[in-house]
Amino acid sequence: MPDARPSLWRGRLSAAMHPAARDFLSSFSEDAALADIDIDVGEAHALTLSRAGVIPRADLVRILKAYEGARKRARAILKSPGTFHDIHPLLEKHVLDSCGERAGGNAHLGKSRNDQVAADMVIFMRRHALVAAGEAAALASELASLAASPAGGEPIPAYTHSRVAQGTTVGHWALAHASVFTRDAGRILDARERMNFCPLGSAAIAGTSVPYDRGYVARLLGFDGVWANYLDATSARDHVLELMAALAVLQGNLSRLAADVMHGSGEDGVFEYPDYLADTSSAMPQKKNPDPLELVRARAGTVSGALAGALAITHGLMSGYSRDLQELKPALWGALATVEDSAGIMRLAVAGIRPRRERAVAVLDRGYAAALDLAEWLALHKGVPFRRAHFAVGVLVRTLHGRGATFRQASSAESSRILSDAARSRVEFTEAEWREVADPVLGAIRRRTSGGPGDVKRLLATAVAGIRRAAAAVRTLAAREERTARNLKATVRKGGRR
Amino acid sequence: MPDARPSLWRGRLSAAMHPAARDFLSSFSEDAALADIDIDVGEAHALTLSRAGVIPRADLVRILKAYEGARKRARAILKSPGTFHDIHPLLEKHVLDSCGERAGGNAHLGKSRNDQVAADMVIFMRRHALVAAGEAAALASELASLAASPAGGEPIPAYTHSRVAQGTTVGHWALAHASVFTRDAGRILDARERMNFCPLGSAAIAGTSVPYDRGYVARLLGFDGVWANYLDATSARDHVLELMAALAVLQGNLSRLAADVMHGSGEDGVFEYPDYLADTSSAMPQKKNPDPLELVRARAGTVSGALAGALAITHGLMSGYSRDLQELKPALWGALATVEDSAGIMRLAVAGIRPRRERAVAVLDRGYAAALDLAEWLALHKGVPFRRAHFAVGVLVRTLHGRGATFRQASSAESSRILSDAARSRVEFTEAEWREVADPVLGAIRRRTSGGPGDVKRLLATAVAGIRRAAAAVRTLAAREERTARNLKATVRKGGRR
Amino acid sequence: MPDARPSLWRGRLSAAMHPAARDFLSSFSEDAALADIDIDVGEAHALTLSRAGVIPRADLVRILKAYEGARKRARAILKSPGTFHDIHPLLEKHVLDSCGERAGGNAHLGKSRNDQVAADMVIFMRRHALVAAGEAAALASELASLAASPAGGEPIPAYTHSRVAQGTTVGHWALAHASVFTRDAGRILDARERMNFCPLGSAAIAGTSVPYDRGYVARLLGFDGVWANYLDATSARDHVLELMAALAVLQGNLSRLAADVMHGSGEDGVFEYPDYLADTSSAMPQKKNPDPLELVRARAGTVSGALAGALAITHGLMSGYSRDLQELKPALWGALATVEDSAGIMRLAVAGIRPRRERAVAVLDRGYAAALDLAEWLALHKGVPFRRAHFAVGVLVRTLHGRGATFRQASSAESSRILSDAARSRVEFTEAEWREVADPVLGAIRRRTSGGPGDVKRLLATAVAGIRRAAAAVRTLAAREERTARNLKATVRKGGRR
Amino acid sequence: MPDARPSLWRGRLSAAMHPAARDFLSSFSEDAALADIDIDVGEAHALTLSRAGVIPRADLVRILKAYEGARKRARAILKSPGTFHDIHPLLEKHVLDSCGERAGGNAHLGKSRNDQVAADMVIFMRRHALVAAGEAAALASELASLAASPAGGEPIPAYTHSRVAQGTTVGHWALAHASVFTRDAGRILDARERMNFCPLGSAAIAGTSVPYDRGYVARLLGFDGVWANYLDATSARDHVLELMAALAVLQGNLSRLAADVMHGSGEDGVFEYPDYLADTSSAMPQKKNPDPLELVRARAGTVSGALAGALAITHGLMSGYSRDLQELKPALWGALATVEDSAGIMRLAVAGIRPRRERAVAVLDRGYAAALDLAEWLALHKGVPFRRAHFAVGVLVRTLHGRGATFRQASSAESSRILSDAARSRVEFTEAEWREVADPVLGAIRRRTSGGPGDVKRLLATAVAGIRRAAAAVRTLAAREERTARNLKATVRKGGRR
């Protein structure tokens, strides 16, 4: 009777899986990225079983050897999945075939796909979290370099409601974005820290009767400790969602930087856009289109859609592994790749833009960017209450705009007259004073309180310190990953002997 | 000077595109599915230019031959994209190389990637809409077959709030789902009908000065007419979103069917679940898990996330093609594949489930499924106002449940007594009457008004008629697609001669 | 024993609902909009019961009177929900209290909240669908009026990738949007048509044993027929999702129009933006911000988020009413209100913008908008293959842009020389010819093929015809709603006598 | 001329805002919750201006008095917004009217709605973050209490794929959820910590020329420091998105707990469900429906939809305040209220469920929950390699299930025979051994490794420690909020004198 069984894994069932269902279930396109990790986990598990005396040392050695063989041939193995639809039994099958049922048949003792995939995922995510956080920090660093360069001192408009607001400098603008990406790195590293606990030992959901030192296997695989509760360890995906949310926020921030650069670099914009990130039109010969930045923007939609999908997938699910959770993989994989690539594109963009001073000044003038400075001048130096000063400057702008003139194209006399009328009080500007207050570039520098364009040097120092901290955290954790990998390799080589 | 130009497409620019940007922009993984369509469009365009006398017949013949060569070698061409990042210039380059600049240099005259990709997308979508609508209709048909089979007459519980509600039959349940999927097919075909207009002639966005018979090219490519306004034709993606929304709704409906089957087929459920759609656990030997159905459910999250992403991508974009729109492709491709595959899985599931009558009856009894029938009996035959009858039956259920008894395990005397007390009026059941009213299976059949379990035969006939209409519409349109393809092929073979 | 029961509705339970749970479940803030409809449904149901002889005529008259009383005092009733958390039992309680248990106790016989809320929702949606479709058509009409006005003939740039692409006219642009909103109206009306079937008779999920003429009640309430299958009628929400998707697409289209207007109406844009839709800054006196249009854009995110939420809510739910479905109400209510209001805002915006011809011409010149016309001219009149012509014009643009000159600022001689070099063939322009081809406004008019700026008159006629069809459909259906309401009122007045 | 101006805020414009636009922009329904905070911010700002000598002390006193007046009449003020559409100018107008233009006209000097609303939002969010984190911790605490109670030791099944997996205890299950909610509290507190910096001083976007001690105002309002960069401080909303994501994850976790309780408490489930959280059916008298828990589940969809909407709103926006950002308010407000209420409902649910031991044991037996224990027993004690043992137990289950028998209903002899055949090796169980290994309740207790049902006492201690830390953090921060409020009040009372 047992001979008719479709496979050693399907004793309970009397039919093989339908090929269409197998294809439907297949996660091999994501699993390729997990192969090495899954082998590490299998080896660490075998070492832990051996340490507890559950499997003899000779079997351990055979199992480890089989795993190392699988590592070398992983690509080929994944290409012939046979009747399997995910990597875990496929690798176990390889071990079973390599070292025989007696030894290999215990490779999976005390574990389940459920705790194994949970462990694989944490390891995968914590490594990619470093890449993503590193990319965010590198972009912040590129922005800080722009701020520190001579270009950083050039004037540009700051916008609100996509309309010219006030004058500021390229450096001030660049450091604003640098702050955002430094926070992004922090968010990702926080997510990493919250997740780095080892699910192994949980088996299917409620544990195993096999003696097992959870702390040992956790140390072998570079975790910060064990994931305390089995049900939680195999069911929870809040860490996946937290990381995806951090990625969605980061991609959104990238899209904002992209929007700023695209807005600032139209044919006659305040930035010169680099040709190496431009595409032409197949039809219109004059076009110089910012296609890569448009895709960075669009992919903020994709990543947030993937997050919405991931939340919907987990929504209303009972505790315990359900196959639904596999569907988080492509969402996460895609989000990570998108964010990593997009940050790289934005770094190229930041490195390539060149401020165009005359354009910036013209835009500032035409946008009456000195208007707030002027209203504050009236309040601080002319005794006009701010709300009234605001009104009077509004009237002045309306009058000048009606005939197409900027503040600097108006005389001090005309301005003084219109302002006096509207403010209902005598306001007198000398020509020199008017030249000063009407200049949007000078105005920016006058804003010296902490955080503004007149305080960029200090902002730069603060920003650089923050970026360095983030980058150092990434480096330290990356070094730890390498150390863990080396140690596991050495332990495997020694066959678990200490 | 021109010699330093990076390529014939980049005369405006002085640098080639950065390789990282090229990779980032690449749409080749989606474009493979468009190659044949893009070649059809290119050929139809060339025929239209020739017909207007814009290109000489000899050049037309060369161009058509080059396109046919590209069709044969499409796979190889796509594998060597060189400096290109999408399929349109890549194929144009092939034509240019094949027939020389003099002839091939006019292949793109009068069109742009913008109208070309818009045309490609409509053709791709209208074909896949037929597949998806066909799958929905086929699933509805499978459900109708179940209803028509002997199994269709078997009792099962209907649930509200995931709790037993009333008794009904397998057929009634199956036809409810069949109605849904028939509506889904209709929704998809409506979307198809609204989109099938030809964008060609729009060029980049505001048209071309090249003489061009838009009606002719539209007929050649099987459109129902021209897409009237150029700006609209190249900018709009509401048709993509409408189709994606229809797919998201369909996948959600598939997830509901999957939920019903999973709920009904636990180890002791009312359905026997087919082994060929079951997976085992790698650890727990007793498990028979409905993994493919869980993935159908999860993918409702994925498809609705993709829709959310697509809406976010188009949100706030100005008119006119932006590269952001390219990002709709992977979302749409994925949604189509998911829906088509998932419908197939659910067809296998419907074909494989087997009702388990004793289980169903036990569940109905334990769930007091006859309670509404009983309350209505009190109202219709015993003169108890319904609201009071409802209360009295509630009290009876509470009393019986307290000691673990079902309606059928209670005597008519005890029931009569409790109901009389609670209803504050004399209610007397004979034993025979009580046997009848307490039987949840008989109760279902008594509900004979149109639309209920006692009306399944008529419901079946109505459902089958609807499914046939949908399937026939799909077949007719598919035949038209084939006719269009044949005609275009013949016209190409004749080099446009009529 | 029964006396301790918390209420006539809770015979089954031995405790009242916790007040926190009652508040949590409360749907009164949405139900207010359903009160009139729910009363109509209750009356129609009573009429149907009476017609079948299930309740005596005297009871019918009492019930109808009680409902009419409730209609008058609906606001007060909703303000004192007592222990209820939705409108259905609250109104039934009112009927019960008004006409006593004997008559009023049968008001709910043969129905359930499940089929009742399903019926209410369809009536509510089909009415609001008319409002939303009507708003879309009215906006399309406003756009067509702009196209038909003298302003419609003014030049404006068309953009791709948010960069100047080609010249076109205000009318061409307005009609592109008019086409979109006409499709939106069609989408909404299609959704309305697919849903207008009557769920009554389904009771909880699997029907009632009460004799009931479903066709009669459906006619009374203005449905196109009965919703065939009970399980489907009470479980399905695909019609809600379809309508919400149509609204999300429409709001996205509104956001595109808003984006175009905002982009075109910066301080020095091609449109003058109306002051009555502008907000100022509390700080910056010069600001004239397009806040209402920004909110139209933002609310595309809100509506698509609500759709994503609605899809997630229904995802994976079993058949049969679950309380989860109540949560669709606020999502739908919000989407309808947002779309209706936003369309009104955009109508005000379209009515208020004024083209600024000199700005448009300057933008077109600076954006080399005639470049495609020029390349086509080279191909059509100078024998330069298009791809080479495209390259040559690209080189010309690059050269001129390098020194800040437009096409029209270049001489025919210089242009001819540069083009000849880059095209590797002799290209000669007379000064007159160059003046003609370099003029982006003339170029637009030259594009006379169907669908372009040179074909606006015909496009206008087509667009107006489509808008009229949509508006007429809305009017016809609205008239039918009124007729249904009048008839029901008359039938109620006559107490069901015919 | 100025007299015709629509208002003191609209000097730049020549028309009042259209009433429809004003209604469309109105944020008063959210602003009510900000009134007190906005007044605090206004007072702190005035104190800072006075401290810098920008406004005289007498004016300060007038302004503070006007603000305190506004605080008392806030409700009335909000009900008569006049021509305003948000709270900020409305309160400023009140100050202006109360103390005259000379003093009140400078209340807004040196600030803008943009930095003000950013400050308000952080204060509002950091307070609500404490409520939400506190609710998460309180729910975790309720779960820990259940684990610590006698009920915690009762057996229940653990499920995977919604099918019985292994036996465990109520306490183990409860602590798994307690861990999740403790992480949720941590996530929310992390978000709070990252955001608590003061945007004031940024004014519109690029700062103010008014002397201003940012550190002073930040301390007055309880911030941890200043938000370094102005552009960042007024543009960034990543902190809003981070908080909303944490709420969406938390609501998803609540939905999982709800799903577990609903699944476990069907009419014959392993939990008795509390009547005070049950609703009945209006039609079916037997129903006891878990409506509040269904809404908790559904609202996971709503909150994640709101997050998707919020991400879409910010997606692609340029830096600088845009009115789009206002649309985050209703999304955030709704998410906070939903999460806070839902956590309360789940606390009531956890407090009300009662384990039903016999049901649990029956479900475990029928689900062959001891199967993994048995396979491990074969591997550990009978020398059968695990993969073979798994197969053999699968065959045994298949055989027994075929005739409806559980492990415990099989004899040791029969089991031994079937296992031996399938394992291809002699496996002998004594009757006593078989009784032990076949008992799913004993099996659970045998899993003593850290994290499992046999280790609940230690898990409980760990969980309680974590919950206490989270709760203490919430309390400490809440105390600090109160201290800040007291101090500000005192400073205001003293009119800024120190």
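Going by the order they are written in, the chains are A, B, C and D; count residues from 1 in each one.
Heads up, the rule we're going with is that a contact is a pair of C-beta atoms (placed from the backbone, for glycine too) under 8 Å apart; a residue touches a chain by one contact, two chains touch by 3 or more.
Please read all numbers here as calculations on a predicted model, not as lab measurements.
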Over half of the contact pairs shared by residue number: find the pair among B-C, A-B or A-C that meets that against B-D. A-C
Write down the chain pair with more C-beta contact pairs when C-D is set against A-D. A-D
CA centroids of chain A and chain C: separation to the nearest Å works out as 35
Between chain C and chain D, what distance separates the C-alpha centroids? Give it in angstrom. 32
How big is the gap, in whole Å, between where the Cα atoms of chain A centre and where those of chain D centre? 23
Got the chain D residues that touch at least 2 other chains? 9-14, 92, 108, 114, 160-162, 165-166, 203-204, 280-289, 291, 294, 297, 300-301, 304-305, 307-308, 311-312, 315-317, 322-323, 372, 390-394, 397
Note which residues of chain B are touching chain D in the complex, please. 160-166, 262, 266-268, 280-291, 294, 308, 311-312, 315-317, 366-369, 371-372, 374-375, 389-394, 396-397, 401
Within the complex, chain A is touched by chain B residues 9-18, 20-21, 23-25, 88-89, 92, 108, 111-114, 203-204, 274-289, 291-292, 294-295, 297-313, 315, 322-327, 330-331, 341-342, 344-345, 348
